[in-house]
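Listed next: structures, encoded as structure tokens.
In the two complexes that follow, chain A is the common piece, with chain B as its partner first and chain C second.
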Partner chain A sequence: MLLQQVINGILTGSVYALFALGFNLVLGALNILNVAQGAIFTLSAFVAYYLISIYGVPFPLALLAATVAGGGINVLLELLVFRPLRSRGGSAMSSLVASIGASMILISVAQLMSGAQVERFPFGTLPEIQWTEFGMRISFTQVLVLVTTMVTMAGTYILLNRTRLGKAIRTIAFDERIARMLGIPTVSVARWTFFVSGALGGLAGVLLGIMYNSVYFLMGEPYVLKGFAAIVIGGFGSVTGVIVASMMIGLLEVFSTVIGIGTFRDVVTFGVLFLFLLFRPNGLFGRDEEVRP
Partner chain B sequence: MTFSDVADWFQIYNHSFATALINAVMALSLYFSLRAGIFNLSAVGFMALGAYTAGIFAVKLGTISIVGITVGVLVSLAVGSILVFPILRLRGHYLAIATLSFGGIVQALALNLDSLTNGPAGLIGVPVTVKVWHLLIIVSVLVYVAWVLTTSRTGRAWDAIRTDLSAARAMGINVEHYRLVSFLISTATAALAGGLWAHVNRVIVPFEFGFPQLTFVLVNTLLGGISHPVGPVLGALLVSTMPEWLDKFEQYREMIIGFLLVVIVIYLPNGLIAPFATMRGRKFSFFKPTQAKPSEGES
Partner chain C sequence: MKKFSAKPLAFSSSVVLATLIAVASTSPVSADDIKIGVPLSLTGPVAFAGTKMKDAMELAFDEVNSSGFLGTTKLVPVFADDRSNQPQGISVTQQLVLRDKVSAIVGYTASNICQASLPVAQELKTPTLQADCVVPGLNKIGNYVYSAVRPSDVFVEQTIDKLVAARKIKTAAILYQRDNPVFVNLQPIVAKAFERNGVKIVANEAVTSGGDSDFSAQLTSIANGKPDVMAILLFGGQVGPAMVQARQAGMKDTIFLGEQNFDSVEVRRVAGPNAEGSIFPSHWFAASPVPANVKFVKDYTERFKREPDTFSANGYNAVWLLAQVIKKAGSGDREAIRTAMETIGDMDTVFGTAGKTRFEDRQVTLTPFFFTVDKAGKAVPAFDKP
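Showing the complex of A and B:
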């Protein structure tokens, strides 16, 4: 029973981690808090749902397409919203406000598309297999979600730490001007950062949609706030920190359900977020950043 | 147009006009924060707190409206004065996250504290006691208060803090004090808007205090611009009456609001009022970064 809950916690935590990693990437590298990530999460889930239910696309292909779509939407936002804003000398706060507006647009697209209905994936999208071991029940969907998230997290880690693009992203995160002086094409690297971030958000959306088998236009909203919690607790810009923090949040939510305060689990999460902001604003693994004036 | 035409018009659009005026109060709440450079997104949370307190007092205890609204403001001020200390230690994205999360907490509580708030179904049967003329007086008084504050020592301190916090501190301005004042005024105003809203709308539903509402408040405030207290009111009245002239586009309302917000931030960062408002002969800028190095930013 306890082990079952731990597994559930890790499962939801790992989906949070994907979402928060996308958040953190754009925030760390470009200093933009892109709230529209939550809307991308929703839209990608819808893309996968429509591909599967209307066109009968097999799940792996739909997952891939929705992930790419998530990245694509984010690149579109970069082109249409953040790039013009940057070139006109907008501040970090104005990008946040713009992303709130962009998010509103995308959410209402999802709402109009779905007619505010809660959609469910057709039966047999994934094989209905369950294993019962050591008194736990684990379904094929859960295994798939866990494997996909683990592979993606490892992939993101390698991308950031072992590739040229990752090096460029980290340089920009350190200082954009220095990166430009070193000859790094900051504009296209920024675009790629947005793509990877949106793809992570989109992937998280599809996985969550299939895990709870429900897709609807407001599904992304709570994840924005959980993503905030994960990046604050983990520390701005830290990949390991965000993953650990997301798992912590997943476990925290599961255990608040176990001890009977499940309806208040969001309150518990935000309470922890506030405590961190208060006592450890740089998070668990965050680099020291000047927070106070 | 005769007098009775005008009276008819008011009769028909009474509710939308009242809503527009409450939006103006919310926009002024955001104005008080933004003026001091505090990117405070908690206004919707405090609005919910004010609305629910007023609603609970009216429905469950049966007190007269003014008691509930006043208690709502006081409760919000109490919560605000606890939160203000951790929140004002933060800057930039951290502050935005903390204040946004506060809104999330309030909404989650409203959804789940069934015995008090009646959960997702909402609190029903709040008496409609707030009339349009009450709201007109309140908005006028608030604009006057905002104008007096803005042109006073406090307003000059806010402007200095918003432009460059460290420089303001170096000039000997008590930064903490003025930021605290700004935050608390903003909190009280938001709670007042919530209490009034409860007595205009009859029903209080948790979903009304979510992300769309925040977007709406931001659009109202920034469309008008914060260079003059009239700006937010103007913005709120323009945007709130928009559905009336865009009747056919009702279902696209949220999309239009979102689009408007993006366009304003990119192309009209100082709002509509900016060209007319030369406060004490100086140009006003809100979103433009200060002369600091770009890598440091103003956050």
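Showing the complex of A and C:
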């Protein structure tokens, strides 16, 4: 049972990680806490659900389309909400408030689309294969989710550290003014940052929906707080930190149940967050803030 | 009762109307419209139930008004969304009473909101018929507050007694939602009912939020105990995913036991074949031959292109109960309505097999049906009779 719970924890943590990576990208690069990421997570899951259940689109295509849709919705938010605020010199707080409003609108759209009912992907969307070894059960869906999240995490790491876009994002994160002086097209890079962030959130939403057989208009809400906790524990802006912290949260939640304190699993998670804020405010992999003259 | 609603020109309906008039008081009704407050959870985690209630309540209000059940008087519903949130529930109650000046309130979806809002309705001396909250104790709030449904605890206890008597049940587990008073209240009652029947509880796991859909950790622990039966005490939207995940966790033969919220097409659609064999009690039986129920199911299905479920039935039934109370009161005066609630006697209902109910101790009298889910995903009578 213990091994099974470790797998459960890693699966939960891997979805947290995708969500939190997207969250972290916009926060780290543009200093915007975009809580609408939860709504994007939800809407993308619905996009995949409708494509599969109504139009019979195969799962891989629906997953791709929903991921792109997540990125697209976030770009729309950037264009309609965040860009106008930033161009007027709006503060981080005004962006946060605007993202709360955007989130409420998007969640209402999801509720209207679904009539507030829980949906599930049609049976047989993915092969219903289950392997049983060493007392563990692992399904094809779980393997697919695990592989997809691992590949995406690696891809995100490479994108940020080995590509020109990634370098541009990191430069903007360091200082947007300097990035402009260096000739980096900050507007376009910001847009791509929003796209990648939304795509990561969207991908996480579809994977969660297929893994737990549930697509619901409020499914993204718990992930906003968990994603934020992962960023704080992992360290703002750190890809490795967010991944490690997300896995940690997934495992903490599962092992709270194993040791019989499952009722308090959120207390455990946010208790750890509180301890980090007190004793290691820069998180596991965060660095002390550099003071630039 | 023959029918709730009557189309004035239809002969059969006229007969029904005459029957209804004979049953209810013949007090004259006011020519003025009567405003009725209808607080429901239309957004937030309980919206899956509130939106269905609203559809059915609109249908019922339309039927009351178009049938001339209250003469020339029309009931004018004022819907308000409590957003599945207690403070908002209190706020909309105050708003309906103080700003909209409603004559009575019918509605509420979630038990925790009932617990917070009904004392406010009592304090503001507004007759209130709550339609869907099944937590015990609501009938003790005061003389303005009545319940159109009964607490679920006794029904679930009876289900356990019958299940253990009918099957070889030795072990049980409980998966419950810690965030809602109905389930927090039910969990020890269910545990005691199992123990009273000599059934060993092998696992007792909590889900911390109504928004959770990942129950893998809890179900892995529960599956380890190999329970013969697992009580699933979760929100309706969580029940289907929990059933699917439980089967995936290895509980292939475990019987799922629940409360009235299992009685939902949505639960069975989401769970698919995984729901087969589930057992639950309900005060409403879609296939009940009570004429009012037959009409309700037919009209609802035609209007909304989907089958009604318990939540729809609760909403529809509560509006019709209130309409009968107002008919007895003969006006939209709050005191007259409250007095009518106390004295009304037998009322027509879509629930039960006799189509009659009455208020006792400020809540309706009802006998539950017991259902199981068959291979086709239909709710059919469990045990030897419904």
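Just so it is clear, the second predicted complex is superposed on the first by the 289 of 293 C-alpha atoms of A that agree within 3 Å, B and C clash if a C-alpha of one lies under 4 Å from a C-alpha of the other, contacts with A are read in each partner's own complex, and residues count from 1 in each chain.
Just so it is clear, a contact is a pair of C-beta atoms (placed from the backbone, for glycine too) under 8 Å apart; a residue touches a chain by one contact, two chains touch by 3 or more.
On a predicted model such as this, the values are computed, not experimentally measured, just so you know.
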| item | value |
| --- | --- |
| Joint occupancy of chain A by chain B and chain C, clash or fit | clash |
| Chain B versus chain C as contact partner of A:Pro127, first or second or both or neither | neither |
| Contacts of A:Pro58 with chain B and chain C, given as first, second, both or neither | neither |
| First (chain B), second (chain C), both or neither touched by A:Glu176 | first |
| Which of chain B and chain C A:Asp266 touches, first, second, both or neither | both |
| Partner chain(s) touched by A:Ala92 [first = chain B, second = chain C, both, neither] | first |
| Chain B versus chain C as contact partner of A:Gly155, first or second or both or neither | neither |
| Partner chain(s) touched by A:Pro185 [first = chain B, second = chain C, both, neither] | neither |
| Chain A residues touched by each partner, larger count belonging to chain B or chain C | B |
| Which of chain B and chain C A:Gln5 touches, first, second, both or neither | second |
| Touching partner for A:Glu221 - first (chain B), second (chain C), both, neither | both |
| Shared contact residues on chain A - chain B and chain C | 108, 111, 221-222, 263, 266 |
| Residue ranges of chain A touching chain C (in the complex, touch as defined) | 1, 4-5, 8-9, 11-12, 108, 111, 115-120, 123, 130, 137, 139, 208, 211-214, 216-219, 221-222, 253-254, 256-258, 262-263, 265-266 |
| Complex contact set, residues of chain C against chain A | 42-45, 47-48, 50-51, 178, 205-206, 208-209, 211-218, 220-221, 224, 237-238, 240-241, 244-245, 248-250, 266, 269-270, 272-273 |
| Footprint of chain A on chain B - complex, ascending | 39, 86, 89-94, 96-98, 100-102, 104-105, 108-109, 112, 165-166, 169, 175, 210-212, 214-215, 218-219, 222, 251-252, 254-255, 257-262, 265-267, 269, 287-289, 294-295, 297-299 |
| Residue numbers on chain A that touch chain B, as the complex places them | 27, 31, 33, 81, 84-85, 88-94, 96-98, 100-109, 111-112, 175-177, 221-222, 225, 228-229, 232, 236, 263-264, 266-267, 270-271, 273-274, 277-278, 281, 291-293 |
